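Common to both upcoming complexes is subunit A, partnered first by subunit B, then by subunit C.
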Partner chain A sequence: MSLFWFVIRQLAEIEEQMATSKKVITREEWEKRLNDVKIRKEDMNKLVMNFLVTEGYVEAAEKFQMESGTEPDIDLATITDRMAVKKAVQSGNVEDAIEKVNDLNPEILDTNPQLFFHLQQQRLIELIRNGKIEEALEFAQEELAPRGEENQSFLEELERTVSLLAFEDVSNCPVGELLDISQRLKTASEVNAAILTSQSHEKDPKLPSLLKMLIWAQNQLDEKAAYPRINDLSNATLEDPTV
Partner chain B sequence: MNSSNTNNGQSNNGKSSRLDGINRDLGLYFLELSRLRSSAAPTEMEEDEEEAPKELNTINSSGGFLVVAPDKLSVKYTTVNLHGHDVGVVQANKPAPVKRLLYYFEIYVKDAGAKGQIAIGFTNEGFKMRRQPGWEVNSCGYHGDDGLLYRGQGKGDAFGPTYTTGDTVGGGINYASQEFFFTKNGVLVGTVCKEKEMKGRLFPTIAVHSQNEEVHVNFGQKKFAFDLKEYEAQERLKRQMTIEKISLPPNISYGLVRSYLLHYGYEDTLNSFDLASKSTIPPVYIAQENGFDEQDIGYALNQRKILRQLIRNGEIDAAISKLRDWYPQIVQVGALEEAVKYGRIELAKFFRLAGFDDLVQDCVALLAYEHPQESCVGYLLEESQRDLVADTVNAMILSTNPNTQDMEGCLQSYLERLLRQLTACCLERRSANGEQGEAFLLRRVL
Partner chain C sequence: MPSATVNKPRPSELLSRLTSAEPEVKVRALREVKNQIIGNRTKKLSFLKLGAVSAVAGILADSIDDVTENNNCNNTNNILVQSAAALGSFACGFDAGVQAVLDAGAFPNLLRLLANPNEKLDYIPNEDDCSVNPVKVVDAVARALRMIYQSKLAPKYDFLQQKNMEFLISLLNSEKENVSGLGASIITRSCETNLEQKALFDAGILRKLNSLLEGGSLSQRDASLESLATIFRNNPEVISKFAGPEIGRPLSSIIDLAKDRYPRTRLLACMCLIVIRNASPHFLQDIGIKTKLIHILLELLDDPGQVGDEAPFAFSSLIVQKEDLQKLALEANAIDKLHHHIKKGSLHPRRYEGILLALADMCSKLESCRSKFLSLQVCQTKSSLGAIQGFGLQWHFSVVLNLVADALTDYNAGVRAAACICLKSVTRSIKNLSAGYFMNETIVIPLVQLFLDPSTSVQHGLYRWQQKSERPDTFPLLDVVWVAALGATSNIVVDFTTRKSIFVQCGGMKLLVQLAKSMESSVRSNALWALKNFVFQADNRLKEGVFSEFTASLLSSLIRDPEPSVQEQALALVRNLVDGCINLIEFVFAEDGLILGAIGRQLQCASKAEIGIQGMYALCNVASGNEFHKEAVMQLLVTQMGDKNQSFVIKFLQSNDSRLCTATVWTIVNLTCPSSPGALGRLEKLRNAGIVTQIKNMVNDPCVDVKLRVRTVLGQSMAFGDN
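Coming up: the complex of A and B.
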């Protein structure tokens, strides 16, 4: 009787395997398909140039233009200006950054109230960080409070920021993260994106999206086939299908 | 060409015995690959070639019940209908093309006739041409008289509004989401899942069923009432947002750009890039800790850069002379005849492609001539080809690195390999879906 049940179980397992069986593509077959793909050098160069330009590597973009003959998709002079703004915010010189943005294009801050608020908020944070308490309070009252009245989320942000002043030991308080450098980077990134958008340029480089697309495409294909995958993007090595 | 167990450029598959110590076979191999790389991709061409419906099929329609106008773009129901098997059905002359994201067409109801029993939908090749689309298996139809959607059976599901004289109704297929979608007067009515049974070639189909019904069809020869481009953009955006949520290892893009610059020998760019990366906030650390192995592709960086510059500037004499100094094993003067013969016979056999031998022969000759510009292969020195030659020389030098493990790695940067994998996965997925949907095209992204 136990042999009977054993056989039944075996049949059930086989049936399950057959129902979920996927097409298997051998390494040899897959490598042949990879070789059939046409990728043009010019397109890869454009991808790299797009990365350099969007991320703000001006000199590298200039050199790449000379060494490869690839035209940048944006005027390189505007990158220098944009990077100056970004750097100013990253170093905590928010007033300087605001001045530079307005020099570049006064409409950016006019049409971006949220960005402007975040820049002002950063100014407040820097004043608090430097111990200029009275100045901070004055600034909050004059510049930020009116914004807070117009907008509920601005008000909440303002309250969070001001609450920094209530704590003796800021490193341990619940809003301590506002003093962290990551907050500056967040604001810097926001300003960078706004400038790029105002120049009709996409704010993100295309390369990371393509890498994500690769991960997604492999995950999708996993449902239908077993094939050599690339699991480590940094060295692009194929791993044999596990079947 | 075998990619394993190579030793300083000599392949071990028997051919090397004839060449002893010269990398000509490598040169030819890389040149051929380079040339193939620079030609148009087959997927680009096939998407233009797929035929789309242009008019109605007058041969296959239920001729007794309807009349198709001479321009084959409108139909009229001629008699009085008596039962459910005298529907006037007509399909498009071609099935909906599949190698794209969406397909769509529209009808305009000129006259809803006695009962407004009009339908728009999709049917397969063997459809019974006397029944409304949707009433039989392997068909679907959105009916104007009751606003229901019929999917392979006589009973329909609630779907949308009815439609009548003066309305423009559209029907489409979304290959990415595997759905049908319908519109009325420029507004999306709804979508339904395209069941598995409805695989295979689907024909845009329209039907009329009561006296004096008249319908005009638009296969794209006129502007659609529905903003198809906007819908397509929205669908792409939806997918894009799903993909954006995927997380990447930190600094992977930096690392790949860096190894790309290293691979092709863009030394000046690389130096600027490294300098700038150090002063970003926070600094980007992309050396060994992120798994990038620089040893092999940093090989001969300066020499490769110099050679690329010379070739791009057209200073071929200088380039060849430097190449002879640094890598004598790559260049062989005076061995022209043998190289040409080898190229024609051996590689023609190997690659089985017609017409390539001329280019290969010429490239080899270029390296073998004392004064290349004056030779008949001087055309290669034209600007557009210079990058091709520079890339090839670059690959050949990389292959002389004793640490090199595979030949193809010398020609492809990591970035290129990733892009190839992406393309191949998308193609295979499309193939598993019955060839429906778009292929991945880098140019489209750019």
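Coming up: the complex of A and C.
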């Protein structure tokens, strides 16, 4: 019996050692190591430019180009067109947006049935929002029903959208979120992504994924060491290691 | 402010505006047509029916002339851009549209705009004086042509002509994505023969495509991968040159692209590597790459769009007929993953079909894959229920069978055919076939229903057959479903248990007999094949049923069918029908020995060994009967000797095909069996015909089977005092 307890005590001690054996890295050490990492200024600039271009901040991109000499990886004029499309959807002018996309590149909506359906669905939502019930019904029948025949999931989404018509108080019905501004934003970002892809450009900026990688790496490191962590991402301040 | 409204001009109204003399009105109408049809198949069709395509093509043709004369380039260019875009959209993913564009004569005009850009088009304007610049015209025209070249209806491009090759190179050299993409599409669509592949290689096209792979944009890389796969297909010579030192390290750049972040690029790179591997097996032998390809393709199944729809087909082409890859795929849990997708339901038909075909290929060779497939479970709760109730195995079976049965009744013909092919692969499992698991209503009823479908009646088969001779490119989908269904039926009806009656009860047998009368020879031979398996070791009642359904005259006419594969299966069916009880042998004597006579005639002019084999075994079974039967066979063998031609018996005995020799000697064994009274007389006749001498020469035949039967004949002959 005593042997049993002896082993248990030994194990507990080992465990304790393991827990405290987490390596501690002081702020000085950490900063010294950070300074050893060389990141080229040009690369940082490219990252910023990529963000501005992808998110569509065309004026900022122009200024940044002038100030830093960083070349954008896309024709800045196309950003203006893309932003015009996005804005049209966000303000509910879906038909206008569709025409603009088609002028930009007719292939986008011809080869992307899901996006085309979502834009048409958004048009239907806008008609319902504006109380144009008859037009909405006609539009659903003529334009959307054939798409539903082609694709089962479109049909389900169409049924959900049309059910908006069944409620008197649409803001307070089970499918009310379709009328929400967030639905417009969702559609707008889908169009934005499709245009970017058609321009052989990534649809998401690189910066946010880098930040995600930073968080992931810190979480991994947390299990092995105590170090000056960055909790405040916007300012990148180093916290003192908690021991 | 433009508000959401549906008050659009009607198509007919728009069409009349297209003929307006006012350029502004015309441009607006063109743009409106374009906006109405983009993404909308229904609208494309209704505009097409109104003749919009030829109207737009006419405008394009007129404007090409204008652009040289008229100084106001803005309007003309705008008209060119809008009409090219509209034509491109008509042709986008819509074969009827492509046909209409070609019929309207737009193709040469589009090509002319690209091939001979006149000075006005070449001139790069400053943005202020020309809002629609020629660059946009080139872009729209190239896109429209690219759409046409994505269809199989596109005109054939003759690469062997020098000027065509030069034009192609100029397209590929273009900075503009649509133009270089057009070049790649032309290759992908039009390059078919080894000669063309070689010509493209010699013209340095591969080097160009490779530089697009390494430095091009996303769409250029994708287009280049597709073209490369086309140039490599079944051409080891070009592949070895490409992979050689001449170009550098292109194979590794394709391998890198198989890990690209874009799913479509990954898929195309995988497909390119598969083409390379299938043409030159010594490339990409590394097990790491093989495993990688399997994993990438299985992952791509998760893609919700077209990439995911095509991924199972690429997977199939990777593993088809290759046991090593099927084994690797099994280890990578391919069957579970494929099943997981089917389970989710409401699949796109193309994807559904592809997944079933991938499962079919997985199960085509290895029993380990089949058992894995047959042991699939739907979900935890249901399987545990099965276990509790104590019929685990049965339950598992019903899961897989239901899955296949669902697919057998799918509305899409491609899915139904794929389900049949899958069923055919799975039912190759002798172990489970002998246990009788497949002969059950869940499977048999939908399978028989496939033949009952009013749209696939025998008469319709006849109709389709006639149509096909007029238009050879028509895809005989119904025939494909039938042949696949017959393939699956063939395996299932073997069933060693006593459950064959299920198949008769649901009308399957009668249908197969009907299908044996089809005008399509592959349907006839497969129906006979299935019936042959069905009567294999079946009881007398079933055999009598089949025979009375057939009648002697139909069977004998099938034995003399113009198609050798049908002759073979008809003879094999007779062979199985008359095997066993002595009463069954009477079948061949019905209607004055119609069938026996047909067998004799067919054996005389057998065009291939298989026909001789099945015919001889049929005679062999007849010769196992009573004295009357034996004499009839004897008669057949000897009367044919009167002809000037060599006796078919001697010819068969001298054949290089040991199976044919065995069948023939075996028949002789049955004829000369000493226990039967007429044996001595028959032996005498055989000796006179020189057959015994021929058999004596075969006493040391290299084939053990032949040697054994030969010795039996000689032994029997010695029993009558011959030496």
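Note that the second predicted complex is superposed on the first by the 226 of 243 C-alpha atoms of A that agree within 3 Å, B and C clash if a C-alpha of one lies under 4 Å from a C-alpha of the other, contacts with A are read in each partner's own complex, and residues count from 1 in each chain.
The rule is short, and it goes like this: a residue touches a chain if its C-beta (ideal position, glycine included) is under 8 Å from a C-beta of that chain, and two chains touch if they have at least 3 such contacts.
Note that the coordinates shown come from a computational prediction; the quantities given were computed from them, not determined experimentally.
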Determine, for the superposed arrangement built on subunit A, whether subunit B and subunit C clash or fit. clash
Between subunit B and subunit C, whom does A:T80 touch in the aligned arrangement: first, second, both, or neither? neither
Would you sort A:I25 into first (subunit B), second (subunit C), both or neither based on which partner it touches? first
Between subunit B (first) and subunit C (second), which does A:E95 come into contact with in this model arrangement: first, second, both, or neither? second
If we overlay the two complexes on their shared chain A, which of subunit B and subunit C does A:E135 touch? Say first, second, both or neither. second
Partner touching more residues of subunit A, whether subunit B or subunit C: B
I'd like to know which partner A:A236 touches here: subunit B for first, subunit C for second, both or neither. first
Between subunit B (first) and subunit C (second), which, if any, makes contact with A:M213: first, second, both or neither? first
Touching A:F64, do we find subunit B (first), subunit C (second), both, or neither? first
What part of subunit A is shared between its subunit B contacts and its subunit C contacts? none
So in the complex, the part of subunit C that touches subunit A is made up of which residues? 1-7, 31, 34-35, 38-42, 85, 88-89, 92-93, 140, 143, 177, 217-220, 305, 346, 348
Which residues of subunit B touch subunit A once you look at their complex with the stated criterion? 36-42, 240, 242-244, 246, 248-249, 252-253, 255-257, 260-261, 264, 266-269, 271-273, 275-276, 281-282, 290-293, 305, 308-309, 312, 387, 391, 408, 413-429, 432, 440, 442-443, 445-446
Which of the residues in subunit A end up touching subunit B in this complex? 23, 25, 30, 33-41, 43-44, 46-48, 50-52, 57, 59-60, 62-64, 66-69, 87, 90-91, 181, 185, 205-218, 220-221, 224-225, 227, 230, 232-236, 238
Which residues of subunit A touch subunit C in the complex? 92-96, 98-99, 102, 106-107, 109-114, 116, 123, 126-127, 130, 132, 135, 138-139, 142-143, 146, 150-153, 197, 200
